[in-house]
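One structure, pasted below without further comment.
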Amino acid sequence: MKTIQPLREKKNTAILLIYCPDKQGILATVTEFLNKNKGNIIYLDQHVDREEKIFYMRVEWELEKFAIPSKKISDFFDTLIATPLNMTWRLYFSQVIPKMALFVSKMPHCLFDILARYTAGEWDVEIPLIISNHETLKPVAERFGIDFHYFPITKENKTEQEKKELELLKRHNVNFVVLARYMQILSEDFVKNYPNKVINIHHSFLPAFAGAKPYHAAHERGVKIIGATSHYVTTDLDAGPIIEQEITRCSHVDTVQNLIRKGRDLEKIVLSQAVYKHLQRKLLVYNNRTIVFN
Amino acid sequence: MKTIQPLREKKNTAILLIYCPDKQGILATVTEFLNKNKGNIIYLDQHVDREEKIFYMRVEWELEKFAIPSKKISDFFDTLIATPLNMTWRLYFSQVIPKMALFVSKMPHCLFDILARYTAGEWDVEIPLIISNHETLKPVAERFGIDFHYFPITKENKTEQEKKELELLKRHNVNFVVLARYMQILSEDFVKNYPNKVINIHHSFLPAFAGAKPYHAAHERGVKIIGATSHYVTTDLDAGPIIEQEITRCSHVDTVQNLIRKGRDLEKIVLSQAVYKHLQRKLLVYNNRTIVFN
Amino acid sequence: MKTIQPLREKKNTAILLIYCPDKQGILATVTEFLNKNKGNIIYLDQHVDREEKIFYMRVEWELEKFAIPSKKISDFFDTLIATPLNMTWRLYFSQVIPKMALFVSKMPHCLFDILARYTAGEWDVEIPLIISNHETLKPVAERFGIDFHYFPITKENKTEQEKKELELLKRHNVNFVVLARYMQILSEDFVKNYPNKVINIHHSFLPAFAGAKPYHAAHERGVKIIGATSHYVTTDLDAGPIIEQEITRCSHVDTVQNLIRKGRDLEKIVLSQAVYKHLQRKLLVYNNRTIVFN
Amino acid sequence: MKTIQPLREKKNTAILLIYCPDKQGILATVTEFLNKNKGNIIYLDQHVDREEKIFYMRVEWELEKFAIPSKKISDFFDTLIATPLNMTWRLYFSQVIPKMALFVSKMPHCLFDILARYTAGEWDVEIPLIISNHETLKPVAERFGIDFHYFPITKENKTEQEKKELELLKRHNVNFVVLARYMQILSEDFVKNYPNKVINIHHSFLPAFAGAKPYHAAHERGVKIIGATSHYVTTDLDAGPIIEQEITRCSHVDTVQNLIRKGRDLEKIVLSQAVYKHLQRKLLVYNNRTIVFN
C-alpha cells in the first residue's frame, strides 16, 4: 500500500549531532564554521550539562549554497572542528531515507500505528521488512504490502535464528530496529550489532514494573497511574536509555484487562513518538541517558 | 480484512441506561426487580445530581437465568418500574452488535486508528460502510475490505447528497455515525435523524477554538497546552455534549505544523475513546452534558 | 491563627463505609434500611470487585429525620445488616471533627500547604499539635498558633521517644497522623497503633524509586517524568496502600536540584489531596489497595 | 516572619534577554563577545522563529572575571552588539533582588502559596507590601510580617485609588505586580505603568471561559478537563501573553463547588510557576506571546 499523500518536498539539509567536553567557544566555533561556508542554519539546539561538563548540540543547515561538497563535510568537520575539540559526532543528510525493520509478535496495536503513519506519509522512512516469532500478524503485513519473515524462536534455535535475522537486516541495509511489542529478549550479540539503534516499548512506567506482566503487577500494587516507556535496548533488560514516557490515570475500578486496554493507547503513541524523534535525528545518548532535542 | 484475533466469548447480558427525577428508593426498586427475577447484576453505577435532582443509572445483568424473556423485558420494565418512576431509559443487549458508519475526508489518522481497532477485534462493532466527500481515502477502505461511498458535496447538491447518505445508512441499518475528521458540517436535518448518535472529533480543547483552523488559532494565541474534544453532534456547531477531552503540552518552539502533528495523536485517541464508551453503552446525555459511567 | 473564613454550616449526616463478600441484594438491603428509617441519602457510591467478589460501599444520609437515634445506629446496623451480611464497616458522623497530628522535619512546603488550607477553612479538621525531630519549623508552627513538640531521634532513644509521642497523641485524642516530609522511619510498633491512619508522602512515583534520595535516582536513570505518591503507612517501607499519585514532565535539562524543586509542588498537592480524601471518609483499604470513592 | 532557611549563596552573574531580526551569526557574535571578555557562560538558550524570522536568546554568565565592569556592560553591549544587530534587549544582575507587590481580594490560597515559598526561601524576591480591596486577608499579611494596604474600590473612587496604589508602588520601588486572585480589573492606565510586569492568574483554560465565573461556565458546558492560566496583564481582559497553563480532569460527578476546590490547587501552582519563571528572567514577550526559556 503506497502512501496516500505525497511526501512534502524536503529541504536538502545536513544534520550534526555532537557531544564533547564543555569549554568556552564551542558553539561559536561550530556556527562560525557553518556560517563562513555559507551553510544557512535552520535549526540549532544545544545543552550544557554543567555538572558533568558535557556540551551537546544538534544543528541543521541547508546544503544548497554550502561551500563544502556533501561528500567532504565529514572529513573537513572532523579535521577542522571535531578532533581539536575532542567531539563525538554524527552527520546525517535529510535526503537519505533511513530503513527501519519491525519486530512483532502477536499484538497488532503498535504495528498498526506505525504502518498507518508510514502509509499516511507522516514519516520519512522505509520499512523493507517485518520480522516475527509468530505468524499471527502476517495478514496485516500483507495488506500493507510489506515483506513478513517468520522466525519461530526456541531456546535451542535462538542463536541460529538471530543470526539469520541479522543477515536479513544487513542484506536490506536496515539502519535501525523497532520492537513493536516483540515478546522475545534479544541476545547480547544481537543488540551489539545495533547500538542505540533498537527501540523498544515497555508497557510500564520504568523503572517501575520492569520485566514480565507489568499490568498485573501494577494492579496488584494498586497504583493510581499507569505508564509506558520507549527506550533504546541495551544488554540490560528494560534498563536502556529512556526516550519517552507517558501515563494515564487508573483507579480501583480498573481490572487488569482494563489496564491492558488503556495501556495499548499509551504504548503505541509512546513508541511512535520515539521512532519520530529517532527519525528526526533529535536523540543523543550519553551515559545511558538520552538528550532529546526540541 | 477479517479480525486477526477471535473475539472473546461474550456474556449474554442486558444493559439498562436510566435517568429520572430523583427520589428515595429508585436504586432499591431497580436492583430488587432484577434480583427477584434472578438477574445476576455484573455492573452497576449510579449518580445523583443533587442540584438538578436527577438520578442516573447504568446496570448490566446476565440473561442466562433471568426469569423474564428478553423480548418481554422492555414491556415489563416499562410497566412495572419506568412508568411509575417517570424514567427515561434505554435497553441494550450485549449480543446485538451495533453498526457504525464512518465519515471521512482526506486525513487518514483517525480512520486508520478506528480500522486498526476494528481489525484487531478491540471493539464489538460492525462497520458496513465508509462515506466520504473525497476519494483520497478509498485505497485505505479497500485494503481493510470496507465499502467506500463517495459523495462529493457542493453548496448546491448538499441537501440531495445528504438524503442519499441517509438512505444508505438506513439500508445498512446503521446505528450510529462517527465523523473521523469529516470536514463538512452536517445539516440540521441530517443530525436530527441521529440524535446523540453522531460522534465528532474537534481538534481543539472546546469551548476554546471552536470552528475552523483551531491549531492556527492556538498558535496565534500562544497557548501552552493544546487539546482535542470528542462530542455528540447537535445542530449547534461544536457545541454538542462533550464525551472526552485530552491535552498535550506545547511551547513557543512549536510551529503550527508541529501543533497539527501533535494534535493528530490526541484526535485519534480521543475519538476512539468516545466510540469505545458509546459501544460500551456507558454514555448518557442530559441537558447537553454527558454522564460517563465508569 | 484562626480560620479567616467561617466554616460553611455543615449538614448533620452519618457516613457508612462498608465492604463484604459480594452477593445479590446487598445494595438494596442497605438502601432499604436507610429509606425505611427516613434517612435521606445524599451520597452513594459502590463498587464490586468481580474477581475478588468483594462489595464496597460508601453511603451518607441526613440524620435530621432519621428514625434511629445516632447513638444506636451502630448497634442497629450491626445487628440487622452487617452481621448477617458478614460486613466490615465503619460509621462516621459529619459533626465529629477529626483530630490530626503533623510530623515534620526540616522541609516546610507540605507543612505550609496543610496549614494554609487549615487556616483558610478548606478542611474540617483540628490540628492540636505538630511533632518534629528538628527545631527548624518551630517558627512556622508558632505563627499559625499550633503547639510544636520537639523529639530528637537517635538510634538509642527512638523507642523511648516514639512512646512519648504516642502518649502525646493519645492525650490529645489524635485520630490520624500526617507525615509531611517527616524524614524518620516510624517503628512497626508505632504504625500498629494507627493502622491505615498514618498518611505519608513519598517523593517518587511508587513503586519506582522507593527508599532514600528518589530524585537523585530518577536523575541517574534519566526518566522523562517524575512523580509523588501519598499512601498509608504500613510496616513495609514505602509499600503501603497508595492513595493518590501525580506526575510532572522533566527532561535532560533538569538537574537534581530542578527535580527537587518541581517535586515540591507535586508532593504538597498529592499529600493534601490524600488528607482531603481521608477527611471526607472516602478511602477504604482492602488487601493493601485503596478504594477511593468519587 | 523571616525565611526559615538561609538563602543559598548566589553566584554573581549577569543575564541578557534578547530578541532581534534573525540573520546569520548572531549567536556567534554574542557568545564571542562574552568569551573574549572572559565571561564564563553558565546558561544559554536560544530560539529562532523561522516564520517570523525573529531570533530569541537568554544568556547568563559569571561576572567574577568578566573584563567589563558591571556598570558599563549596558553601554558596551548596546554599542558593540545590540545596535548593529537591531536588538531589543534587557540586562539583569543576579544579585539585584526584585521587589514584588501582591494584590489580593478575599481568597487566600494563592497568597498563602506565595508567602510560603517566600518564607521558605524558595524565591529570590522581596515583598514589601500587599494591596487589597478587602480587609479579609489582613491577618494573613500580619502573620507573615508584610505591610497590608487596604484600598476599597468603587466605580467612583477607582481612578483615585489606583493613583494612590501606583504612588505606593513607586515609593517602594516595586518592580512587578502579582494579582493573586485580585477580583478587580485594573485600568488601562495602571497597566501601562507596568508593561509585561503584572502577572495574573485566570481560573480557566484560556481562551476558554474568559471573564467572570469560569467554573460555573465550565460546569454548564460539561467539559471533562478544567484549567488555569497565568499571563501578563494587558489592556485586553484575559487576553495578555500566556505564561503557563495547567489542567486537571473532572467529570459529571463534579459540582461547581468541586470544580472551584480542584481549581484552587491549579491556580496557586500555575501562578507560582509564572512568578518563578519571571524571577528567573526566563520570560520574553513578543507579539503577545511568551518565549519561556528552559
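Going in written order, the chains are labelled A, B, C and D, and every chain counts its residues from 1.
Simple rule for what comes next: contacts are C-beta pairs under 8 Å (C-beta built on N, C-alpha and C of every residue); 3 or more make two chains touch, one makes a residue touch a chain.
Worth saying up front: this structure is predicted, and the values here are computed from it rather than measured.
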| item | value |
| --- | --- |
| Higher-contact pair (C-beta pairs counted), A-C versus B-C | A-C |
| Same-interface partner of A-D, chosen from the options C-D, B-C or A-B, over half of the pairs matching | B-C |
| Mean-CA-position distance for chain C and chain B (Å) | 38 |
| Distance from chain C to chain A - Cα centre to Cα centre, in angstrom | 43 |
| Residues within chain C bordering two or more other chains | 50, 253 |
| In the complex, chain C residues that touch chain D | 1-2, 4-5, 106, 108-109, 112-113, 116-117, 119-120, 122, 136-137, 139-140, 143-144, 253, 261, 264-265, 269, 272-273, 294 |
| Interfacial residue positions of chain B with respect to chain C in the complex | 24-25, 27-28, 31-32, 35, 40-42, 44, 46, 48, 50, 249 |
| Contacting residues of chain C [partner chain A, same complex] | 47, 49-51, 56, 205-209, 221-225, 227, 241-247, 251-253, 255, 288-292 |
